[in-house]
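One structure is given below, represented as structure tokens, and several questions about it will come after.
Just so it is clear, A, B, C and D label the chains in written order, and each chain counts residues from 1 on its own.
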Amino acid sequence: MSDRGPALTCKVDLRVRYSETDQMGTFYNSRALEWFEVGRTELLRLVSVPGNEASGYAGIEAQGIMLPLVVAHVDYLGRAKYDDVLEMTVQAHMPGKARVRFDVRIVHADQNHAPVAGGYTVHAVTGSSGKPIRPPSWFVKAFTRTDQ
Amino acid sequence: MSDRGPALTCKVDLRVRYSETDQMGTFYNSRALEWFEVGRTELLRLVSVPGNEASGYAGIEAQGIMLPLVVAHVDYLGRAKYDDVLEMTVQAHMPGKARVRFDVRIVHADQNHAPVAGGYTVHAVTGSSGKPIRPPSWFVKAFTRTDQ
Amino acid sequence: MSDRGPALTCKVDLRVRYSETDQMGTFYNSRALEWFEVGRTELLRLVSVPGNEASGYAGIEAQGIMLPLVVAHVDYLGRAKYDDVLEMTVQAHMPGKARVRFDVRIVHADQNHAPVAGGYTVHAVTGSSGKPIRPPSWFVKAFTRTDQ
Amino acid sequence: MSDRGPALTCKVDLRVRYSETDQMGTFYNSRALEWFEVGRTELLRLVSVPGNEASGYAGIEAQGIMLPLVVAHVDYLGRAKYDDVLEMTVQAHMPGKARVRFDVRIVHADQNHAPVAGGYTVHAVTGSSGKPIRPPSWFVKAFTRTDQ
């Protein structure tokens, strides 16, 4: 990330579900990617989609723009048990003309904010057929800092 | 089920994945419904779809016929741990003109075939828009015993 | 349910996650059971566990009491898409001396509260070894109406 | 990986389950990590655990050795639809004294072996309390090539 920081950032709280634990007693590893997606959803809600009823990613998809994953990376930093409350911070920017990257950090809401997981996902920007597209200007603007 | 028995039946083996366990050390309850679906997939592979490349449920969906769930019922009969091998028996019949029912029983492959779960799912027959349809005759025939 | 109604009831809101959709565009069927569990978690938070730091089900488990599923039943009543907000109502009572039953109903928060799913789960009351136990009086009391 | 190659390698076939699809019509991204785990399970079955009835990872866990994830990385390389058959190749080695790394590549069994996903997971070696341990020699030997 540049020292200007990303244009978009948000915080999301979530609780570890029983279904998300495994026999080690902590969350099962793939669940981190589902939480990352919950974070992206909330962050994309900040993107206003012109001329569309649906907001956020549902609205973006309704415009025929998909954001399929290209890369996912997770660093597992600590345990989280059933019903623990977690705080997730998500930041987004465009590292290329048809790429969006989300950086995520998850810590405990209690327990001195002990870290749980960090990582990122990189997404292509495609049409509904799956072909890469140049995103429209309202999309690009949403991911670019304008306060300079 | 009538005393003639259902037209279609099959057996499927599967292993409990680590991701399917929870902190109680057995499989998480919702996983039974995912296993039921694996069983339906194998059973529907026995249905030959006329004039279609794809076989089974993928071929049925390609013909514009969907089988959304209406009811799911699971009786949990025993524990199953990570990497246990399970044997699933699936039977299907049509209890109504636009309904398909799958009866499922899951036991341990070892451990004297100790029972793990039983239950059933009932499905509507709809077009791709979700509206109920009368299934074509090749579909009905597949679910009806002909050896009488 | 008796006409006295159950002792415990609560409401929970949740959003459909992208990971919970399937290629039919609605939530995948097994997800309903994960939502039921989110509802049970919130309802069990109303149960105060004597002499224990952890509240709710985590506190109950810390006391060596487990509530493994015996039966799960889901009626699928309508579709729910990614990011839809759902309202879940959960009620609990004890239909037997070592049984707890949770009745669940899920409707859309918007869309005129169109129904999404209903059903119930029945749970045994066991010790941490999995053997059935008679639950302690504080447990029974929590599930019994006292305003008569 | 060194040019000697890893000590352990295996191939696993799997089918995309309906529950693993999402509304984009391909597998949901977190499922790749569940498949990686299925691959690890099969590869670890090649590790003979001395003096233990259970084989593979279940046997390793029964010896009090856990392999919690430290890092997971996935490159998404192509789509895979419901019921597609996938071929997964897994290789393992120890990049450090208390670290195991699994490299995974998933391609279509048909469709000219078009790539689906690649990546790796890095695991700590810990006791059942979660504390890092030096693995016993039978463990280290299993991950080291001996044909030199």
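Criterion: a residue touches a chain if its C-beta (ideal position, glycine included) is under 8 Å from a C-beta of that chain, and two chains touch if they have at least 3 such contacts.
Here the structure is a predicted model, which is why all the values come from computation and not from measurement.
Chemist: With contacts defined as at the top, give the pair, A-B or B-C, that has more of them.
Modeler: Most contacts of the two pairs: B-C.
Chemist: Given the pairs B-D, A-B or A-C, which one repeats the contacts seen at C-D for over half of the pairs?
Modeler: A-B
Chemist: Going by average Cα coordinates, which chain is farthest removed from subunit D?
Modeler: Relative to subunit D, the chain whose C-alpha centre sits farthest away is C.
Chemist: If you average the Cα atoms of subunit A and of subunit C to get two centres, how far apart are those centres in Å?
Modeler: Computed from C-alpha means, the inter-chain centre distance equals 29 Å.
Chemist: Just give me the whole-number Å value for how far the CA centre of subunit B lies from that of subunit C.
Modeler: Each chain reduced to its C-alpha mean, subunit B and subunit C end up 26 Å apart.
Chemist: Once you find the CA centre of subunit A and the CA centre of subunit B, what distance in Å lies between them?
Modeler: Each chain's C-alpha centroid was found; their separation is 35 Å.
Chemist: Hunt down the residues of subunit B that sit against at least two other chains at once, touch-wise.
Modeler: 18-19, 30, 34, 37, 81-82, in rising order.
Chemist: Inside the complex, what are the residues of subunit A that reach subunit D?
Modeler: Going by the criterion above, the answer is residues 24, 26, 29-34, 37, 66, 68-76, 79, 121, 130.
Chemist: What part of subunit B is in contact with subunit D in the complex they form?
Modeler: Contacts found on subunit B: 15, 17-19, 34, 37-38, 41, 54, 56-58, 81-83.
Chemist: Quick check: in the complex, which residue numbers of subunit A touch subunit B?
Modeler: Per the touch definition, subunit A meets subunit B at residues 18-19, 21-23, 25, 28, 30, 81-82.
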